[in-house]
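Each of the next two complexes has subunit A plus one other chain: subunit B in the first, subunit C in the second.
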Partner chain A sequence: MAKVKEQNLITRERLRWVYYFLPILALVIPFIVNEYILWIVNAILVYTLVTLGFNIIIGNLGQLAFANTAFFGIGAYTAAILMVYGNMPYILAIFMSAIVGGIAGFLASVAALRGIRLYYLAIITLAFGELMRWVYLHGDTVTKGSDGLKIPEEIYFLGLSLDSEVPKFFVFLLLTVLVVKVTSNLMRSKIGRAIVSIRENEATTASLGIHTAKYIILAFVWSGAIVGIAGAMFAVLTERVLPEAFGLTEVIIHFGMVLIGGTGSIVGSVIGAITLTTLPEYFRQFPGMDELFFGIIIVLILLFLPKGLVSLLWRISPAFKERYYRD
Partner chain B sequence: MDPLLKLQNVSVNFSGLKALNNVTFNAFSGEVRAVIGPNGAGKTTLFNAISGYVPSTSGSISFNGEPINGLAPHDISIKGVRRTFQTGGLFPEMTALENILAGLHVEIKAGFLDIILGLPEAREAERKAIVRAKKLLNLMDLASVAEQPVKDLSGGQQRMVEIVRTLATEPPLLLLDEPVVGLSPPMRDRMMEIIRRLAGEEGIGILLIEHVIDLVMSGSDKIIVLSSGELIAEGTPAEVRQDREVLEAYLGHA
Partner chain C sequence: MGGGRKVVCQAFTTGYIMEIFLQLTLSGLSQGAIFALIALSLTVVYRATTIVNFGHGDFVMAGAFFVYVLVIYAGLPYLLSSVLAILIMFVMGLGVSRGFIDPIKSGPHIGFAMMSISLGYVLRGGARFLWGREVFPMPRIFDMEPIFIGELVITGDVFFVSLIVAILLSVFFFIFYRTKIGIVIQAVYQSERGATLIGVNVRAFHQSMWGVGLAMGAMAGILIAPISLLHPDLGATFLIRGFAAMTLGGFGSLSGAVVGGLLLGFAEQIFGFYISSTLQDITAYLIILAVLIIRPAGLFGRTITVRV
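So, the complex of A and B:
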């Protein structure tokens, strides 16, 4: 074991310091890029959590449940509604988005617990997302329907005014780093192993004394809560919460981020979010062709790197492979 | 000595088909008890009924004097009845070490908040489990493959990992569903030796489904013979060898 490590400059120990250092390094970004680029960076932070949460269900738990846009929309509307009508401070609204997202996650888990799997689970959870979109559209006394719900002009996060991309960046970075860290802790524990064990073989997981239903629920609730937080960030990023932001195209983008980054990998989630947030922005300079380029890139990556872009890192060093334990 | 496991008139029906019919027997600590019988005799169904994977239609199953029929598989496992599977029991994408750690799940005492916040108690519990898992892998000469996904291991190593994973919590009763299938003859002997030692030295009660008749005759203390869901004979290897009904049903000659 130690032998393999010594041959490579990149060891797990060194990598750990890199992971801790990256968010600190990221603090310089607002000082070197313009407002537009910073908006993209902020979107990446939002989508990192979107992908992280979705990946727990698709990659770790191994269930084809597509309720992610529902969680995302529910999180965004929860935060927006509480801030608009309840004058709730943003930090509390984020917390409530996590709670309500978690409850939505629990509802989605019921289908999986009832033994609904594969395509059936996929279609039921997609329907859940579309149902929620119908609710946003038709609950227009509260959600303002297709006009979208505009969030208040002045939003503060613990006294910091989120009036431009720069303060938003610091808040989003803080949230993203915190959520990634606790999720990483969770996935490298007995809980994370139980979730992956269910993906690998649900029947034998139970034979080890693991209450599988409990961990299926936990995975969905955690996923819903994370994506709910992402929704609360998204509301502030876009300043107006619109029903069409949470449609079927959005599901495909979320799924693409998981697959292109790498299923079941936290690093993969970050890579997937970065790639699929930046590429469409980059291809905007080729109007009319942008979607074509975008599509080709996705197909190529999946064709040649079926385990996602993160598998390129595994070739550089096995230390990039995430483990399901923590020593 | 009180029996470790007690089955009384256990029947399992699958839509009218009697997979198990009125099966009664006891199993004891420190004993290797082989379950033999032709294909379709109900051997695996018997294991599934004991471990909670199929509900028994009638009869009672008790472990350490406590009824366990009707309990969920994970609860039966927690009570101390652990099993292996004929095929595909492992978690292929997980490493050998991670498989063993999953086997130690119930022994890792760590709360949810402690885990997500990375608090010392949770980390200590995790570290202890890792030390223990590595020790177990060492014992079975699997230390060198600890960090490899089990799908990359040889058939023999995979069997060993599964048995180590099942044994990790030191369960009083172990159900082994064809533990030597697919192993080379020397590996088979080694595996049987380990099984004998678990019973003899650790006092574990072992129920073992096995097809290789020589291994059964030499390696078990008691044999029960199933045929078409019924228990047709029970006894020491020498006794069963003489049994006329067994010869007809299983060994294929009268």
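So, the complex of A and C:
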């Protein structure tokens, strides 16, 4: 009897309030930590969106597309180029990054729609990402090549000067919360359920009269737009956009974040971003340790927790499961 | 195969256009031979298990590192070390299949992709942890005076790499098409269920194909390391070229992997010389994009696209 009562303690309704309360609780972070830790927190916010966008394709749509660094880089360069050469306000630059990222997502979806799936999709999207990196490296006149494109010193977000980590934190938190909330709603809507249904069985989904191509395009475009926004945030976070930040190793780290957190779960995306942004900071001083750690932790997750760290929460209470997610 | 380049420039000044082309072809094919070997080793695993080993580049690197350790630290002769390293990689392949792939067999393909990447990361991280960020000169065994045929120059590296890969490929295709083991392998490739019915142990087959794949990858690593020097990131550049070769030749086709590898090596030299040297790095990516968009089945492959 006691056990049943314990399960009732965590309900979806109560959890919803917890989820709403968490960002408000996060507002105190800048007042209790130093600049360095706040920088890591900001990076976590950026990577939350990166993982969220990647998770829609890998987890919800179930496609092995590795174009995430391409979206990320395109977003970052779009924002940086518009701010440097076009003198565009940051908020508009973010908007443009989302649009250009969405267009890149559409291009990636064309490959999937042409019937290139599984490993072929993985390989063609990897090639797409590496080609983009080559473009950043050799588009010297605009992207400044391997020196990186430095963004302007003075950036304002609706009048708020982003000159230190604290204002960046508030802006990033706002953007992240907004995007996570919209994505969460989208994934619980008809669109999100159609996307998960395509993952489970594409032919059956089509036979139910659902236009699969439309939802595949939607998933890719939405993923590209989110990761594009993350790119625009990343440009401001690092203050200099470098081609190396969008290489093969990066896409693998993004993939790791998705898997460690939990595929197809929004809470999992947040957990994955937190885990893989903070832990490697400890291993920075030893060469190779970060790679060794990354490899081992993912092997362990795959062997013993294939649903990711978020499945530990499911053991506490099934209320943590997102409703559209079925095993 | 950096030596070929200098010679090419000399020939250019004397204006032998045909010789330049032949020289480029020669160095392209010898590089392509390595790509072919890597693509073939990926294909062997892919055909048997339908898993693409995304960490293969690091296994290639690990094979070369084992030779280095055995030669420098244990003082063994080079040839013996190579054989031992190939055996170690074969056993590692069995272990990878048994310990890491089998337990997640029922899961989605995303798991296999990440598992192979992570195992590669463990190897690469391990190598970097033990040897740091330095670059190691591998002992050279192919030191030979260049051969001159007219204006053509064949360096020791080009000669030995091409020769050894040619021998390895002949042995491989002989085993595959002419021996009893090869016929059993072909049978399992055609139908796993059928092979199980006639008493083939498919699980053991998968393990040994992982072993063969990694052993062949190690051979490529051992051949390339004396030329490109040894460092933990050695494999990464070759992995994507292996993919490009597979895609060009047709995913899953054994002879396609070889032809694709040779063509890729050739195309890299031609693009790099006649168009722009910066293009050499992305020839592989361009080929992947072009092939998958225009003809996804590649040169020799069967249809791979999914239609709903």
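In this text, the second predicted complex is superposed on the first by the 308 of 327 C-alpha atoms of A that agree within 3 Å, B and C clash if a C-alpha of one lies under 4 Å from a C-alpha of the other, contacts with A are read in each partner's own complex, and residues count from 1 in each chain.
Operating definition for what follows: a contact is a pair of C-beta atoms (placed from the backbone, for glycine too) under 8 Å apart; a residue touches a chain by one contact, two chains touch by 3 or more.
None of the values given here were measured: they were computed from a predicted structure.
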First, second, both or neither for A:G295, with subunit B first and subunit C second: second
Touched partner set for A:R193, first subunit B, second subunit C, both or neither: first
Which superposed partner A:A203 touches (first subunit B, second subunit C, both, neither): both
Of subunit C and subunit B, partner touching more subunit A residues: C
Partner chain in contact with A:N185 - subunit B first, subunit C second, else both or neither: first
Which of subunit B and subunit C A:T212 touches, first, second, both or neither: both
Subunit C-contacting residues of subunit A that also contact subunit B: 203, 206, 212
Complex contact set, residues of subunit A against subunit C: 58, 62, 64, 111, 114-120, 122-124, 126-128, 130-131, 134, 138, 202-203, 206, 212, 248, 252, 255-256, 259, 263, 286-296, 298-299, 302-303, 306
Contact footprint of subunit A on subunit C as seen in their complex: 46, 52, 54, 100, 103-104, 107-111, 113-115, 117-130, 132-133, 232, 236, 240, 243-244, 247, 251, 278, 281-282, 284-286, 288-289, 292-293, 296, 304-308
Sites on subunit B touched by subunit A in the complex: 51, 53, 72-74, 77-78, 82-83, 85, 88-95, 97-98, 101-103, 105-106, 108, 110, 112, 115-118, 122-123, 126-127, 129-130, 144, 146-147, 165-166, 169
Interface residues, subunit A side, partner subunit B - complex: 1, 182-183, 185-186, 189-191, 193-194, 196-197, 200-201, 203-212, 323-327
